[in-house]
């Protein structure tokens, strides 16, 4: 700082220049370091004859992926293999998010139960999950599944056609001969119609103060399109019953132990954190709200569902976003127990092509996109919840 | 990667009032529904106790050979005693294992002492400055008659502690600077900081570890190599810095503007008021969430297993490869590791709650 | 203030550069190794018979002995080695970056690895091939019977692809379960999650040896690929590659000439001119590569000949119980053929 008696204007100019200089130097340093690293990498790649670029994406992958939500053969390209990996990541992470939220909310409410036994038990649940690394749990769940369940030859038949063994859970599958999309459309139409009726009914009840038939009409609307579809259209399907073959259970739909262990790990881990958030969210709602609701004669279940939770959502949703983003990122631990997610597929590609930079950059980009998308979606939802609260 | 989730809500959770009332029998058997809940909980507890006791004690093998364990359906305690040293210290030379043992003991002792707020002083800091080189010397050797042990042979619990502690100590200043940069008035600096923080927070730790272990060597000039351990350590530091930055930022933003204005009015320079006035106050408020973050990072260091470092989880896993014990004591190994992680994490969690209370009392 | 962030990072970078963990390489690998006083050898994370640390942290195995031979050639002392555990993902990176001097880790020599990974391979130390192992209780005699089976494997570069090709060629189906890590892979196989496990035959023997009851498992007769396992070094250092190659060939030639760890002293008096050259009695072959002239003697004295190394780690009387098969000397129906020492 200038200590001489120059005018304030000069001093200001001086500071501005300094600020600009700071920034220029800073950016220059970042660019220089980046350029330096880039030069090194380029030289190293050239010296070691390592291939670069994204040409590999269109080459034949040649390896098998054990779980493929879309059709995939070893003769397909690396690009398609990556897509399969991405879909697997999305499947397991989204399922874990939904299940984790449901379980976590229940645990969070139970944590506040007046019954000390229940609340302590739930505390133990949360502490056990939060104080042990997720990766360790994944190894533990996976080992527990494959070592404690019997091999497939001695599979336990839970129900006719439902088998559980250390090779996973097998249930009968439905094979559609025709009319699959008709049925889907009918179910969707039913859900939309029932939901629409409920909204209309609630509005009318609030407007007129008269009771409007709610669930009987909803139920009819829900089932009707389905019945019509079956009556009118040609719908044929049959069950594919699992059978014990020479080695494996053939037929039916399979839930592999790798998937189950990962889903279990992610769900439990998310549920413990959700529980803590829900708990603090509920505690943030004033005692008066609960007392007022009880004074109106609402049962404690309805108080929770209609009064407390909707308000608590405003406190709950922002930290929930963090958990959802974390769950997406945690799903990358799939590699440890052999579930073919994006990272595992990328890793195999790295092994096969010898190219490391491109696959890593690619999956980092995907996770960045997923994190961003989750944040945006949750911000949008948060804005909605916040508005309703007013 | 569980870190993010750990950081925020811990302190909210603590604010909850203790369970009100509930001392009498009515808390357990007040209403029919409550009675059912109590009975269900009791049944669950009884079942868990029965399984635990029969596995850990009744059916367990306390003394014997792998064959005894194979024949038994209970826990296999001889496995733990046979493999304890390997699980704790990995492939560190066997005769030299007193060194990591001493180092770990000293470290835990020093941490315990440092946990007492009354003892926080310059002397404590000085103690650490002296202790760290001593610990490094103990581990690495090469002087005072200690045989040299390369980092490639470090492993087990000391390695996990080191990755966590060094990671956080180095990440803290970096995180503070990033937080300041993010709140800066200068757009270029702000954008750079935001980019770095959001980039790192948006990707899984495993991808950063992959990058460090596979890609980093490519970015080094010809002939310069960084060893595997240091590469992972750098990855953890950068990762931790981004998360610390966000916590520190929250602390900075929570400070009343008056602090800055008063300091400026006194004629203090930016660096002076930032480091003498703002940062000390901000740090004080964020200590409890920082400790929660540390718990998360302690657990996250297990991910180095995936890039092939012998941290504690990985030594527990590779111990299972012993031909004599193959497939016999898998659950025992993992449960032992879980117990160790649980004890350390739960202690840190309890400490975080203590600090929370301590500081609140201080301010009220 | 960002300046200081950068400044700190720069300072950190400089500190890093100064720290001992960063080593700048001298011109050649041999000079680096000699200056360091130790060979740094990359081995696997733990494979019975190839590289496994015992409870005292002492390494033993076939791959380890290859390292010991190289250390003997360079220093005359098989203990001047640091072993670095490498995993399947990062093994080549460790070599490329100079973290290790030689990779001795059951690694298959292939065209694309030599051409595009910046590495060179030494001579094949073990002729291997991918096979399949099943539990005897399944009563399977041939890989062709495995229609519909679940097969566990590691994500090697070609393991999964070979399986896919083999089953496609025979018109059979199978379920593939790929694991990142040998521990999960082996556990899944032994627990019955998979019916078969597929890997290099040597590796299968190793998995089998490490099981509770090796006799319950059977390696099927089919070999579905060629897997010549060889040590690898960084590209463009032919002197170092020569040292690695001739260390291996010394062990092979020693077996051919009947020189063993026990009789190497007597053989110093041998009349055979090639033996004399090998052991450094006449000619100074070693010095041409920058080694001691007695490097051959040192290797055999410290490590032994190929047969001794094989029998000690993999042979019939070890847990792996492998026969020499293709890894016998050329004059004995095998593929081992060391070039002449002259």
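Miscellaneous remarks
Here the chain labels run A, B and C in written order, and each chain numbers its own residues starting at 1.
The rule is simple: a residue touches a chain if its C-beta (ideal position, glycine included) is under 8 Å from a C-beta of that chain, and two chains touch if they have at least 3 such contacts.
Just so it is clear, the model here is predicted, and its values are computed rather than measured.
Most remote chain with respect to subunit B, judged by CA-atom centres, is C. Averaging the CA coordinates per chain and comparing them to the mean over all protein CA atoms picks out B as nearest. Centre-to-centre, using mean CA coordinates, subunit A is 25 Å away from subunit B.
Averaged C-alpha coordinates give centres for subunit B and subunit C that are 36 Å from one another.
Look at where the CA atoms of subunit A average out and do the same for subunit C: the two points lie 42 Å apart. Multi-chain contact residues of subunit A, defined as those touching 2 or more other chains: 22-23, 26, 30, 44, 47, 50, 139, 143, 147, 335-336, 347, 350, 356. Contact of a single residue of subunit C with at least two other chains is seen at positions 1-2, 5, 89, 93, 96, 180-181, 187, 191.
Annotation for subunit B: residues touching 2 or more other chains are 186, 188-189, 192, 210, 214, 217-218, 220, 306, 317, 327, 330. Residue ranges of subunit A in contact with subunit B, taken from their complex: 1, 19, 22-24, 26-27, 30, 37, 40-41, 43-45, 47, 50, 113-119, 121, 127-128, 130-137, 139-140, 143-144, 147, 269, 273, 276-277, 279-280, 283-284, 319, 322-323, 325-326, 329-330, 332-333, 335-336, 343, 347, 350, 356-357, 360, 363-364, 367-368, 371-372. Across the complex, subunit C is touched by residues 70, 82, 85-86, 90-95, 140, 150-153, 170, 173-174, 177-178, 180-181, 184, 186, 188-189, 192-193, 210, 213-214, 217-218, 220, 223-230, 234, 270-271, 274, 306-308, 310, 317-318, 320-323, 326-328, 330 of subunit B. Interface residues of subunit A, counted against subunit C in their complex, comprise 22-23, 25-26, 29-30, 44, 47-51, 62-64, 66, 74, 139, 142-143, 146-147, 150-153, 166-167, 245-248, 250, 256-258, 335-338, 340, 344, 347-348, 350-352, 354, 356. Those residues of subunit B that touch subunit A in the complex are listed here as 1-2, 4-6, 8-10, 12-13, 15-17, 19, 21-22, 27-28, 30, 34, 37-38, 41-42, 44-45, 185-189, 192, 199, 201-207, 210-211, 214-215, 217-222, 269, 295, 299-300, 302-303, 305-306, 313, 317, 327, 330-331, 334-335, 337-338, 341-342, 345-346, 349.
Per the touch definition, subunit C reaches subunit B in the complex via residues 1-2, 4-5, 8-9, 12, 16-17, 19-25, 40, 45-46, 48, 52-53, 55-58, 82-87, 89-90, 93-94, 96-99, 180-183, 186-187, 190-191, 209-212, 319.
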